[in-house]
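Chain lettering (A, B and C) follows the sequence in which the chains are written, and residue indices restart at 1 in each chain.
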Amino acid sequence: MSEISPGLWELLLKGVWITVQLTVYSAALGAAVAFGVGLARAHRLWIVRFVAGTYFEVFRGTSALILMFWIFFVLPLGFGWQLVPMWAAVLALGLTYGAYGSEVVRGAVAAVAKGQREAGIALSFTPAQQLRKIVLPQAWPEMIPPFNNLLVELLKGTALVSIMGVADIAFGASLVRNATGQSAPVYTVILLMYFVLAAVLTRGMRVLERRAKAGIGQKQPERTFPRRSRERVPVGGESR
Amino acid sequence: MTWDWSAVADFMPRFFEGLLVTLQALVLGALLAFALGLVWAIVLRSGPKPVRWPVAAITEFVRNTPLLVQLFFLYYVLPEWGITLSAMVTGVIGLGLHYSTYTSEVYRAGIDGVPKGQWEAATALNLSRARTWSSVILPQAIRRVAPALGNYVIAMLKDTPMIFVIGVMEMLGQARQFASETFLTVEAFTVVGIAFILIAYPASVLMRALERRLVR
Amino acid sequence: MSADSTLSKKSPPIAGTASSGETAAGSATAQETTAQETTGAPVTQGELIRFDHVTKRFGENTVLDSLDFRVFPGKHVTLIGPSGSGKTTILRLLMTLLKPDEGTITVGGEYLNHEKKNGRLVPASEKHIREVRKNIGMVFQQFNLFPNMKVLRNVTEAPVQVLGLSRDEADERARELLELVGLGDRCDAYPSQLSGGQQQRVAIARALAMRPKVLLLDEVTSALDPELVQGVLDLLRDIAHTTDVTMLCVTHEMGFARDVSDCVMMFDQGKVIEFGHPDKMFSDPENERTKEFLSAVL
C-alpha cells in the first residue's frame, strides 16, 4: 500500500480508536438496556412486561440507521435536544442492540431449570435474592456466546456513524480514498481492520465464557482456536 | 415540536416511490442471499477441499465486516476493475452477498438437522449425489429453516436504508432529499421510521407463527 | 385412626370445634371467616399442619378433591399411592410452589396462603407467605442444588441471606450438618463433582440448615442409582429417629415408610382412601385399592 502516506495511516488509526470507543460505549448502554428490558419482560406484573415488550418490538422493528438519522435530525428540530454526534450515535446503537440483547437475557433466564427457582423458594429467598444469587449466575455463561454475536454486529453497526460525519474507520476510509484516488487498497485495509477487531472481540468473549463457566463449576472443553457459536444469529427478528 | 400533516401529505408520493425501491432491493437481495447461501452451504458441506477452504474464509470475512464498507468497496472498486454496474444492482449484490453468509449458516444448521438415516437411505437406494441433495436432503432442511430465513429477510429490510449511500433512492434517500429541499425534516424521517416498524413488526409476528408451525 | 395424625374424608375431621359448618358444600374460606371472627385466629388444636377442604385442579383435572388432614408436631407421615394421585401436589402446596384453588392450609397456627384483614380472609402478601414458609424445608427429587455454588455455600447461603446468620456462624453449622450427612470433606466441591447420592445428602443438609419445623421429602431417592438409595434412606432414618423434625414424605420405598412413619396415607384420585399406622396399613389394609397398590409395590 505505498499509496497511503504515514499521515493518512495516522488518520485511519485515529478512526480505529473512535470505532473502539463507539463500540465500548454502545455496548455498555446496550448491556444496561438488555438486562433492564430482558428482566422486565419476565416480570410478574403484566404492565411491566407490556412496556418492556413494546420497547423490544419497537426497537427490533427499527432500522439502526433510520434511528440514527432521527436522533441526529429530528430530536434537535422537534424537541430542541442537540446531542454531540458521538453520543447521538451511541444512543442509537445502544438502544437498538440493547433490544436484541434483551432477548438473549430473557431466553437465558428462562432457560435456568425450574427446580432452581423452586429450591430458592423452598429456602425462603426473596425474588430479588433468587435472581441475584441463583438465576443470574447460572444464566450469565449462557448469554456470552449470543452476546458475542451481538457485539460483532454492533461493531459492524458503528460504521453507520461515518454517514453522520463521526470520524471512525469508515469515515477515515472515504477521506483517504479522496486523497489518494485509490479505492481497492483503502477499502481492503479498512475491511481487514474491522475483521481484526471482530476477531479480538470474539477471542475476548471466549476467555470470558471459559471463566464464567469455571466460576460455576462447569468445565469448558479447551479448543485450539476460538470459534463463535452461530446456532443463534443476532440481527434477525429473533424469537422463540 | 411542530408537526405538519400537510408536509406528510406532500412527502407521500416520494415516500411510496422510495418504498417501492426498498421492496425491490429487498426482494432481489433476499433471492440472491437465499441462492448464494445455499451454494456456500453445499460447497462447505461436500465441495472439493481446495474450494471449501477459500469459501469458508470469505464467508467468515464478509460476515464479520460492515455491510456499509462492503457497499463502498463494491461501488468504488468494481469500476476500477472494469465492472460498471448501476447503483441499484450494486446495492442488491451487496445486500445479497452479505446476507448469504448468514443464510449459509442457517442452511448448514438445517442440513445438519436432517437425520443421518436419510443419507444412508438415499445411498441404499443408490440415488446420485445430486438427487440425494435435491429430493431428499434439501426439501427437509429448507422446511425446517424457513422461519430463520424469514427472520434474516426482516434483518435485511432494516439494512436496506444503507444503500442510499451509493445513491439508491429508497425510503431514506427520498426522505433525505425531501428534507433538504423543504426543511420538513421531522415529518419525513418520522414517516420513514414508522414505516419500518409497521412493516417489520407484522413480519416478525408472522415468522414466529411460522416457526411454531414448522419447527417442533 | 392413629391418635396423632387425624385425617378424614368420610368422618368429620375436626369435630367439636368452632368450625361447625362442615355439612354443606359451601366454600371453606367462608366457613373459616366465620370461625375466625369469633376466635380471631385459625382454629387449631396444637397441630402443625392442617389442610381444610383443599382443592387443586390442573385444568379439567381435579388433583386434590376437598382434602382435609392434620399433622401434629414431630410426626412422620408418608404419602403413598399411584402416580398422579396428588401426593406430590400436597408437598408442593405446602411449599407454596402451587396455590390451592379452594380451601385453606395452616402451618403452625398461621394461614399459609391467606391473611386476616378486617375479619376476612384475603390472599396473603408475599411477605406473609415467606414468613410462614420459613417453617418448612424441602428436599427435591432432582436435588436442585445450586450449580454455581460450592457445597458449603449451598448450605450456608440461605441461613445467611434469609435468617441473617453471620458467615462464621452459618459456616460452622453447615460443616456440622455436612459432617452429619457424611460429606464433611467435600465442602469445597461443586455439586457437579458429586455423585447423585452425595448431592442428595447435601440437599438434605441444606434443608436442615434452615432449622425447619417441617421437612418435605419429595421422592428423594427416585433419581438415584439403585446402589446409592440405601445410604440416603439410612441418613433420613437417622434424622427421623434423632431429631424432632416433622416429616412429610412421598416415597415408593415401602421399607423406609414402614420404619419411620407414624402414619401412612393412601391416595387415589385426589382423595385419601385409607390411612393408619404402617404396621396396620402394610399387613392388613382394608381398602381394595390399597390392597392392589401394595401388592404391586411390595
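Structural remarks
Quick note on the criterion: a contact is a pair of C-beta atoms (placed from the backbone, for glycine too) under 8 Å apart; a residue touches a chain by one contact, two chains touch by 3 or more.
Here the structure is a predicted model, which means the values were calculated and not measured.
The minimum number of touch steps separating chain B from chain C is 2. Looking at A-B and A-C, the interface holding more C-beta pairs in contact is that of A-B. Distance from the chain B centre to the chain C centre is 57 Å, each centre being the mean of its Cα atoms.
Centroids of chain A and chain B (each the mean of its C-alpha atoms) stand 21 Å apart. If you average the CA atoms of chain A and of chain C, the two centres end up 47 Å from each other.
Listing the residues of chain C that touch chain A in their complex gives 95-97, 126, 130, 133-134, 136-138, 140, 142, 144-148, 150, 157-158, 161-162, 190-193, 206-207, 210, 216. By the touch criterion given at the top, residues 113, 115-116, 118-119, 121-127, 129, 133-134, 137-138, 215-218 of chain A touch chain C in their complex. Those residues of chain B whose C-beta lies close enough to touch chain A in the complex are 1-3, 61, 64-70, 72-73, 76-77, 80-81, 102, 105-106, 109, 148, 150-152, 154-155, 157-162, 165, 172, 175-176, 179, 185-186, 189-190, 192-193, 196-201, 203-204, 207-208, 211.
By the touch criterion stated above, chain A contacts chain B in their complex at residues 57-58, 60-67, 69-70, 73-74, 77-79, 152, 155-160, 162-163, 170, 173-174, 177, 183-184, 187-188, 190-191, 194-195, 198-199, 230-231, 233, 235-240.
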